[in-house]
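Structures for review follow.
Two complexes, one shared chain (subunit A), two partners (subunit B, subunit C).
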Partner chain A sequence: MTVMPSINSMNMMKEDTFHKFQSQQNEPVWMQAHRQTAWEAANELPLPNLKDESWRRTDIRSLKLEEFQIPGNYEGFSKLVDFRKLEKEAKERFELGRSHGIFLMSRDSLPHGCVGCEKLPEGVVFDYLENVYSRRSELLQKYYSKAVPSNDSKFAAIHYAYQSGGVVVYIPDNTQVEIPLNFYTLITQSGQADFTHVLIILGRMSEASFIRRTGSLEPETPGLHCGVVEIFLQEGAKLRYVDIQDWNQKTWHFSTQRAYLSKDSQLEWIAVGAGGKIAKTNSNTHLKEEGSRVDMLGLICVNGEQHLDYHTLQDHDAPNAASDLLYNCVLDDKARTVFRGMIRVHPNAQKTDAYQKNNNLSLNSDARADSIPGLEIEANDVRCTHGSTTSEINAEEVFYLMSRGISRENAENLIVEGFFETVLQRISSEPIKDTLRTLILRKLGLEEKPL
Partner chain B sequence: MSKGTLEIINLHANVEGKPILKGVNLVIKPGEIHALMGPNGSGKSTLAYTIIGHPRYEITQGEVLLDGKNILELKPNERAVHGLFLAYQYPVAIPGISVANFLRSSVSAVRQYGKKTEDNSGAAEENHLIPMRDFRKELDEQMKMMGVEKSFARRSLNDGFSGGEKKRMEILQMSLLKPKYAILDETDSGLDIDALRTVSEGVNRLSGPDLGVLVITHYQRILNYIKPQFVHIFMDGRIVESGGADLALVLEDKGYEFIRQKYGLEINLAAEDKIALKEVVS
Partner chain C sequence: MTNDVNEQLEVIPQDYKYGFHDDRVNSYKAEKGLSEKVVNVISEIKGEPDWMRQFRLKALQTFYSKPDVTWGADLSTLNFQDIYYYIKPSDRSERTWEEVPNDIKNTFERLGIPEAERKYLAGVGAQYDSEVVYHKLKEDLENKGVIFLGTDQALKEHPDLFKEYFGKLIPPADNKYAALNSAVWSGGSFIYVPPGVHVDIPLQAYFRINSERMGQFERTLIIADEGSFVHYVEGCTAPTYSSESLHSAVVEIFVKRGGRVRYSTIQNWANNVYNLVTKRALCEEDATMEWVDGNLGSSVTMKYPAVILKGRGSHGEVLSIAFAGKGQHQDTGAKIIHVAPDTTSRIISKSISKDGGRASYRGLLKVLEGAFRAKSNVVCDALILDDKSRSDTYPYIEVNEKQVSIGHEATVSKINDEQLFYLMSRGIAEGEASSMIVNGFIEPLVKELPMEYAIELNRLIQLQMEGSVG
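Here is the complex of A and B:
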């Protein structure tokens, strides 16, 4: 597995590397042009630094982009890798057996295969971007990079230059897809960069559940993710979007995520943060039309020296829309989290109902959680509240449980589980709740411990 | 004398350096019901917490023996396993932990499910917990008897419960844990008339030759249901008078003043306490 195709030994920020990569893609002209523009932006835009207000708390000076490999064409790859083994490991890792649904897997930013895609209803698209370039060209051109443009940031630009192995979900009007759509991304190679793109479009009155999950095959191999997520909900559409960031703790994660909501559409957006070395996730929701509603739920669990930075935006640009955010973080060891949330209410957005809450539970005095909630309100008839708490495990709660026979360790574990449970309780799907609970218990190291 | 008893011997305890318990002596035998009455702030809850093992209370003197064994060295959970139970005056609410999940953990720990199955091959996680089926059945039964609606099993522990609901929940816990010694700290306060009966009946169902009970209360009312053989009057960190059930009636009638008067003169108080007491009396 150590022999790399030649392209990967090249510096990803070098002109040659990009052109070679580009020449290997089999894609329409508009996409080629888009890549070219993105590449130019990637070169022009500086890497963010601590002087930028939104990067003040996240130091990425040790990031060396040139040390990461771009996705290659992997000539001879199959000779190097035992696909069976890979598949099996991925299945175990992602618990394909437990959850049900249709699965699309991408490894090292390369399309890998679909399980169950034949079961999809007529007209639904759930496929790799590269597979639909020609088939749904008009759809892609209409939406691709429209929520997050390529000049949005250095990381977005790099993403669009090398974007590959990503997914498109399109649900036609009046179509309900009950079976969850799963998209898994696995980094299998040391020093691999991942540029998977997620584009979701729900037609009028349609419904779907989409679970995006990431992971690394090995626990100690460095990785890099530069990703973009774009979500468009048309009138009355309902989407449950679960984003599980579960890379190993050697992986850099930069993700720009934006959702646009039309009239009466609903988004349940669940963000799980378990993995990553240094991660920066920007999740913005734009409530563009009346009656739209978003619930943003965050379950973040960090330890070791992890540093996860979340910026969220609830952007109310229409009257009578609602947004409700709850992000709970548990921190152990020397881990750090940053939560910077903003509720923005435009002058036209009367009768907005917006709520934002970030709770942090620290299990170690060396851990640190920064919470910076914010409000920008330009309308006068609104209901907006925000708040944050940072605390340690409550000694009175521990004592109460201990006095009922439960050991200190188990009492503390119950309290931590309970802290996440308050978020899980708000998830409307039982199987998803169970999957996330299992994942979190594992991260907390509790799965095998008796109560 | 020590076998099968809970003995509190000359117990002194401080909170934040301030002496609250000042030499408590009390012996409770299985099958006995004792009532403890005393003015606000006299230290009744402190006594209960100290027996149960709250870390806030620093024991400066004395001991608490359970079946002859000093339990003051034990952790609160170990005391629970030994059969001690406190129904709290102010039960703690814990968001996110469901009543059912909490009780299953608690019941399994107190009954030592882990220990019993440790010899079994491959003692898996499930072995440390009472099987879900058995537990649900038992819980359903007890909830029904305590008049607690089924839906409570899924709610977060005491979170948003009314005062009375919390008290019921305490006795529900007691009925599942089946302790040897139970202290009920003002379990009657905040209960409506019907709830008082249900809760008292719950306690009475559990009482018998194997259970010792200490009922801390301000009112005679609960003692009409849970009938004590002994009533103790607690003042200023110690028991100042003990008697039969009729003592509670005397108290109800006369208040604490007559005790104050009596002991302001008679008992051997520390000098400054004596002055303080005399001021109260005069």
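Here is the complex of A and C:
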């Protein structure tokens, strides 16, 4: 059996590849035009390098974009794989049977389609972007690419040029969706590039929980994720957004994530960083109107030679808004994390209450944690505080636990768990808390077990 | 001449009492702008050995080849060709106050230098534009082998000691302004304290820019030998001219085993001086370095005193205070590198911004692999007194070792309403109450300064605070 030479084997930065990809998309003119603009930007913008201030600590010189395959038709591929086996594995990996919620797999992941979508209230949209081009054209044109423009960066531009398989969530005014919406992306092939887009719009006084989770089918296959997340909360809306980055350790991850908050809206934004080879995540919250609030929580756990770089921004552009960030990182082996956070308070944002804290727990002398918590304050009637700590496991705490008859190993494990627990405790949903705790423990090699 | 000074005093802003200048005829003034020729002329006038001339010329090339600094403060209005790189006010450095030319003496009398010397200080150096005009060290210290000279003089009198340390901690290629200083440096202080000698009362240097469009590039080198102690204090002022001046110093400090150096600065340049300074100290085993850095003047200051903790058990400390008023950007901070095990450091930064000023804390805390049990704590507090002003905090923390304890905290706020209310309920007017709170805010730093500087700093803050309501 031979695999047809499809566009998949072509260099993604070549004109031909893009045009062929574009011609295969069945999409409205405005989307075609947007892709074209993005493609031009992708060619004009240089790849970031170590001289760029925001890339000084993340070296991507070994990234070869041409080695990755753009999304396409999987005709050749589908003949080779055992669908049922794949489906089973995907279900196990994401605990589809165990978790509570409505599930959608990104289009290039298998199996795809929505599980439980029939349970959604009237008017709610939870679907692939390309499925709603015509049905929700007005909505998409109003919000798509408005938080992250295509010329934002090289990676955003590439994303918009090849964007496919992404998801849109729209909750109409005054609608509460209690059951969490899950969107999973699985990289199934070696060298697969993923360009899934996430667009979330919550209408006035609406509520929802959205869990975005990524993974790789095999532990050793290289992958590339080049993604964008856009979140818009209208007046009084409440969103819990969980972003679980759990690719294998051979996958490059570049993600630009931005949220816009209107009056009195609330966002609980939980970022989990477990996977990835080299990952760069930019998470910005723009508090555009009075009374809005964001909680940004980070649980980052790295080992091996992983390198995870998080840039966060709490941008206060209106009075009386609040933001509170807590990112805790555990590092083992030769892993490296970079946390660069910024609280920016514009002159009009009086009565701002902003907090930012990054804690790093290092388990190995070869690990390296960089922490750059920043403040730029242009209003005077504010309370802005940030803090950062970096340390090893506290010997006194270990001694205390051991004096209670707990072995050294267990004592140390308990302390690491406790370090994450301070973040988990701030999550307002019990099932999500449990899911994340399980995930972190598994990553630490500490399956839940009695002491 | 005194009349001129008085006339000049009439027109300067009331809140800057050092804004006068005197109209003296300089004994030499190099042509404006930077060139190889200017560098050669400086070296020639000073009668320097050839290695120093080569060092300068090489540094000039380094300066040309380095890109402009694009981070931090805005330096786009700084024109390197519109500056005098060398002005020699007097033919030699004097050792008795009476010998200093009258007009220069007047300037320093106004600044209170000889008075300060009589009262508190073990030694005094005074630099006027490019050259050190006066240097004096108490006799008993001289007998103990303490060296306190102008840097140019030290190059002549102690060439071997000089060459061993000069440019070793801050090589010209370190940054663009260090390269500039290395090319055109002139003046500054050279201090050597022999093993075990404690210099109990501070040594002082006073830096004065007098000429318009002047660049002052002093170069200070301090070597504290094993188990010794010295406290060095520097003050800086300049007249208020309409055009900009540039001050770009390089300060290198070597603290040997068990030694301790404290370096205090009260920078009060007029608010059209660019102040771009590189300061660094190297601590050997069990040594201690303390920077006390007060920045009140200048239009733009970029200064991040550094300590490299190279020896086991060494300790570094930076206490920084910045006051950014109208049109000022104080981009200040600290840099600590933990190289050896059991090293400790502390950074305390306090900043106040007012009337549209901008105060930025920029710091680097780095723990290299192998610096076990390194401990560091950084605390930055900022007060913003009105809605036109701005405060930034940019701390960089890089930790490459697990056995460490690193903490950083920063807070930005306005004057606390409750504290204000409390004081006012005791019958204190709002302005005075604000001023008291600000004084309390900087208290931890002020108490580290020698008495006369503490009084001066409090007075300066008082002046800056006048008419302001939190």
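Please note the rule applied: the second predicted complex is superposed on the first by the 436 of 451 C-alpha atoms of A that agree within 3 Å, B and C clash if a C-alpha of one lies under 4 Å from a C-alpha of the other, contacts with A are read in each partner's own complex, and residues count from 1 in each chain.
Basically, a contact is a pair of C-beta atoms (placed from the backbone, for glycine too) under 8 Å apart; a residue touches a chain by one contact, two chains touch by 3 or more.
Computed from a predicted model, the values in this text were never measured in an experiment.
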* Which holds for A:K119: it touches subunit B only (first), subunit C only (second), both, or neither? -> neither
* Asked: Does subunit B (first) or subunit C (second) touch A:K64, or do both, or does neither?
  -> neither
* Considering only touches as defined above, state whether A:K142 meets subunit B (first), subunit C (second), both or neither. => neither
* Is A:K14 touching the first partner subunit B, the second partner subunit C, both, or neither of them? -> neither
* With the two complexes superposed on chain A, say which partner A:G405 touches: subunit B (first), subunit C (second), both, or neither. => first
* Once the shared chain is lined up, is A:G418 touching subunit B (first), subunit C (second), both, or neither of them? -> first
* Asked: In the superposed model, does subunit B or subunit C contact more residues of subunit A?
  -> C
* subunit A-facing residues of subunit B, complex -> 52-55, 75-77, 79-81, 86, 88, 91-92, 94-98, 101-102, 104-110, 114, 125, 127-129, 156, 173, 177
* Could you pull out which subunit A residues touch subunit C in their complex? => 53, 347, 350, 360, 362-392
* Could you please specify the touching residues of subunit A with respect to subunit B in the complex? => 395-397, 399-408, 410-411, 414-415, 417-422, 425, 448-451
* In their complex, what parts of subunit C are in touch with subunit A? -> 71, 367, 369, 382, 384-414
